[in-house]
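There are two complexes below, and they share subunit A, which is joined by subunit B in the first and by subunit C in the second.
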Partner chain A sequence: MSLQVEDALVDLAKEKRRSPTRTRLWNVLLAPPALWMLVFFISSVTIVVLLSFGHVGDTGKPVFGFSLDNYKALSDPVYLKVFIRSAVFAIATTAISLVLGYPVAYTIALHGGKYKNALIAFLVIPFFASYLIRMYAWSTLLADEGLINQLLRDTGLSSGIRFLNTPGAVIAGLVYGSIVFMVLPIYASLERMDTALIEAGKDLYHSPLQTFFAVTVPATRAGMLGGVLLVFLPALGDFVSAQLLGGPSTYMIGNLIQQQFFEGQNQPLGSALTVVLMLALLIFMVFYLRATQRVNREK
Partner chain B sequence: MTEPRLSMNRRDFLRGSFGVGAAAALAACGFSGGSSTPSASSNASSAAPMAQAKVDGDLIYYSWADYCDPAVKAGFKSKYGVNIVETNYDGYAGMLAKIQAGNAYDVVLPGARYVELMRKQGLIQKLDKSQFKNADQLFGWGSYFDNPWYDPNSDYSTPFSMWTTGIAYRKDKVTTAQGSWNDLWNEQAKGHIYVLDEDDEAIGMAALKLGLDVNTANPDDLAKIKDVLISQKPYLRAYSTDDINNMASGNAWIHHSWSGDFLNFIKTQATDPTQWVYELPKEGAPLNSDAWVIPTNAPHPGTALLWLDWLMQPDNVAKNIDYLGYPLLTKTGPDLYAKAASAYPSLAVDVSKVVNPTVYKNHDPADQAARNAVWTEVKAA
Partner chain C sequence: MASETVPTTGRRRSVEGKPTFAVAFTALFLFVLYVPIVVVVLFSFNSKKSLSVFGGFSTRWYQDFFNDEGLLSSLRASLFISTVTMLCSIVLGTMLALALERVTSRPARITGTVALIPLVTPEIVTGVAALLFFTGLGMKLSLTTVIIAEITFSISYVAVIVRGRLSSMSDEVEEAARDLGCTPFQALRLVVLPTILPALIAAGLLIFALVFDDFILAFFTTGIDPQPLSVRIYSEIRMTISPAINAVGTCMLLVSVLLISLSLVVPRLLGRKDSSLDLISGG
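Up next, the complex of A and B:
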């Protein structure tokens, strides 16, 4: 996905500027999305940033202000702990998605033949159902007296395994929720790769494994970077998986933010948490942009 | 993808958008600053004429999930020819946040202290009781709820149900229960214990275990409560208000639980009801109530009044007690409940004890913030 976007940008940059009438048309066409962004994205982000300097008023409603108290409150080690836990969950999710997603993308792209599109469609179909519904389904399947544990008991394989309410369950939920966003960009980059390069690698007496790491992996680096970005960013801010599959000690930063807005009634503190999370994501985004620039230069 | 074709480059676009966005945000901030004076809005609502009980649209219903007999809802729909559009919450704080954010509902079922809070914040309407055909079922027969602590004269609310908070456990898994809040630290059930995901309930439970006031906001008390709740985490499976499903799925062996949910579970979901026990810990148990309200911004207050009236009708009271497992606070409710729960003495709810030391009360903002901070830190730990 990201590869296509980059290429389109490069192509467009090469093109000459259009005539003034064409430009005006584009400006008109851009007005609705610009307005949309303005109202629903930029103004809401601005409110969050402003509110993060506010406090809770006498009636329990949030009040705007100019104090750093919320950010000072965030220096409590308990918040750092939650940030680190979220980062560990998100990194694990990304790594597992990459390890599981790459072979899937590889098999479909290089060995899918005429079934390629059908296979991709099968991969995407479960994502038509809401993430929330799928997580609920998991919690029913994996319950102590749920279907999977009953099967295990009936077949005598195990006396029952506690799947639910563990860190593993949260990460598994996150992987399931986002793996398709890893598979698709890698699939796109494998699709576009010249398979003659693999032949060449073999001709140069590389083993299949050596060829894979020396040729295929570098050629699909942009796809992997795109997948890592698309999986890591949502995973870091997720709260659904921890809420439905997690236990008492699997709170993520998304749960904390949700709690401040909907339970703790401390929207200013929740806003400060959101701002810190956005800054962390921004740093990761900059890292991604620089990495993709490097990949493009090497081409 | 079309951006490079623009005469305006991306940076200009972003800068322009940000400027206008910031202006919009500042306007919003000024707006909310203006509306945050509660006296103005509550005066306005009390001066307005009170709603009349007549159909003025579908019923936008906001309550706990499955907290009304479907037959009662179906009867209302067919009698008045309206639809019930239902949304659910899983905790009072989340409910309040939604209403404060301006979401419009016709009827809402807050806990007692939230009724007081919403009345003070001008979020709910004064009710004209002459609009209720069944008002005699609820008021005027010597009921405590003619003038309850959270809403003088029940001007803004109609009382609904009452419950205790205790501990449900499985006899086949747990043989060492002591009839104390310590049972939520039981070694036999380690990893199978659930605590209710409600700040008042969790803090109240720890306070009772420590012999403190459930409503304490004293910093020393709160520090002790925080430590004792964190000490509990290794024993817990999760924090959740979904007690019925957690017991039904087999995940819970011990559940910090509401009395009515326990009775409901025993009657409808338990594979072997004889395995389950509901205990009221010896250190004391929270006893609380809730009441229906109509928000100030309700789109159909007329239908909402008809709904409140519908729930007071003796037939519907009987159906709901049978379905929910909670005593309802009408003339006939407590006796019907006593019959329904007669097999479980620990489920008895004395509706005359609504003024008691374990009722959750409101706090001033600083104390409330201190209690919220404890709950946040416990969950984050």
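Up next, the complex of A and C:
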């Protein structure tokens, strides 16, 4: 590769001035990463789509094919229930993150004063702990013999509550896993907002709450949309939270995919599940992009 | 960012009255954010084999960790994966960012769009795709396959960070270097790269931390021996609950918090304002 680069550079050295948009150096720079993405990303996703029409051969190995059998198998109520559960969990996670995250972003952006940056850093640091470790941390806290139940028993408040294996625990894990991605974009859009708007709103609407919903919320729609995207996408495909905080009764589509590749060894069916997940995300993205376009047009 | 709209603290506070409730809510929020992590660290020093009753201070779980050859080889594997991924993705990601800033051709635009897709694709999809690709080619799953999968994800990340820095940098400096007789490559090496160096360091540290902590991609693409640390503790968590896992987790926490703090501080020490904090907070 280096020889080609040098050749190109010698050529480039001959022309005195580069045209502002196009020189061979930049094209040479583009080739390796573009090739890498083509080989390792595009082609591997293509394989998933192709294999979803295949089946498991007599030797137990996956075989490519052109049948819709995997997708027919997925229309079974057992799978449909999991798809619906995944969607409900992901939507609940996004909604809870928005409701909890907005006031936090708002407080830091408008009342953080000189501590703003420190508060954002403080907020971000826990999210750089491994996702797996954070889910594990929750599972030890919520366990039947965990710290929270221990405290409940010690204080006599309750003889113990079963948290694990409930939808609530899985959703709590998902919220804890990515709520920062809701707070940060909202924070950024609040920072960009003209605070004179709020003052004008107060003159118009009298109550702070009315002002908030009539002025602040519309002005930060772009940030909220960004947060919704960043929380919803990973939540829909997650399997760690349902694995560590839930059980088979709370499994999501990610758990089914994981099972097909590691326990069921039905890779074509696992591929079909992955394609279903990708389609769901694609539909979400279409709505998302239309919503962002609308917000941008209104600006 | 519209800087002309940032009034003094006093004026902002007067805007919507006393924020007592909002401040209390935020404090509670930050508290809950830290509880699980503090508990993991605390119980890693427990002298008892319990995760709910603290028996006293002890470092026995750390001794267990550092005497466990299996865990140590996983730790080495993770450090190896993170280092190689960081170096490769910085090179490839920076090339991509530079090309996308300068080339407006069709292939470049398509690559630019494609490079963003891994960032909005759930890791499980990328993991499944990588697994099928490797097994389809007949490649044996190993640390190499993990590294390839991690690089694919990281290129996009680096490209976004570096482009952020490049777009705030004026073309004219580079043009001036060309007028003074630099070849395009010299202009790149002597003018552009030094300017974006802080962003590169920040991106590198961030990638190292993200890859070191990553579980899902590693889970789908790793072989059996040695496994990355995150995959290794995942299988331990499913079998048993023990403060030994807390000790490993605390060490991982330490690595990531250290690296992230560095990625926030280094660009500022080098006299630049751009740091990964600005990136993640969208500033």
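Going forward, the second predicted complex is superposed on the first by the 267 of 299 C-alpha atoms of A that agree within 3 Å, B and C clash if a C-alpha of one lies under 4 Å from a C-alpha of the other, contacts with A are read in each partner's own complex, and residues count from 1 in each chain.
One rule holds for everything that comes next: contacts are C-beta pairs under 8 Å (C-beta built on N, C-alpha and C of every residue); 3 or more make two chains touch, one makes a residue touch a chain.
Here the structure is a predicted model, which is why all the values come from computation and not from measurement.
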Partner chain in contact with A:Thr59 - subunit B first, subunit C second, else both or neither: first
First (subunit B), second (subunit C), both or neither touched by A:Ser43: both
Partner chain(s) touched by A:Ser207 [first = subunit B, second = subunit C, both, neither]: neither
Which of subunit B and subunit C A:Asn27 touches, first, second, both or neither: both
Touching partner for A:Phe261 - first (subunit B), second (subunit C), both, neither: both
First (subunit B), second (subunit C), both or neither touched by A:Ser67: neither
Subunit B versus subunit C as contact partner of A:Ile198, first or second or both or neither: second
First (subunit B), second (subunit C), both or neither touched by A:Ala143: both
Subunit B versus subunit C as contact partner of A:Gln293, first or second or both or neither: neither
Of subunit C and subunit B, partner touching more subunit A residues: C
Subunit B and subunit C footprints on subunit A, overlapping residues: 9, 12-13, 17-18, 20, 22-23, 26-27, 29-30, 34, 37, 41-45, 47, 140, 143, 145-146, 261
Parts of subunit A lying in touch with subunit C, wherever the complex brings them together: 9, 12-13, 17-18, 20-23, 25-27, 29-30, 32-34, 36-37, 40-45, 47-48, 51, 100, 103-104, 106-108, 110-111, 113-114, 117, 119-126, 128-134, 136-141, 143, 145-147, 149-150, 176, 184-185, 187-188, 191-196, 198-199, 202, 208, 211-212, 226, 229, 233-234, 236-240, 243-244, 254, 257-258, 261, 267, 270-271, 274, 277-278, 281, 285
Subunit A contact footprint on subunit B (complex, rising order): 1-2, 4-8, 13, 17-18, 20-22, 24-26, 28-29, 32-33, 36, 38, 91, 93-94, 96-98, 100, 117, 120-121, 191-192, 195, 199, 233, 236-239, 249-251, 365, 368-369, 372, 375-377, 379-381
Subunit A-touching residues of subunit C, taken from the complex the two chains share: 1-2, 5-7, 9, 11-13, 15-17, 19, 22-23, 25-26, 29-30, 33-37, 39-40, 43, 51-53, 92-93, 95-96, 98-100, 102-105, 107-108, 111, 114-115, 117-118, 120-126, 128-133, 136, 148-149, 151-152, 155, 159, 171, 178, 183-185, 188, 209, 212-216, 220, 230, 233-234, 237-238, 241, 245-246, 249, 252-253, 256-257, 260-261, 264, 277, 280-283
Sites on subunit A touched by subunit B in the complex: 5, 8-9, 12-13, 15, 17-18, 20, 22-23, 26-27, 29-30, 34, 37-39, 41-47, 50, 56-64, 76, 78-79, 81-82, 140, 143-146, 162, 164-165, 246-249, 251, 255-256, 259-266
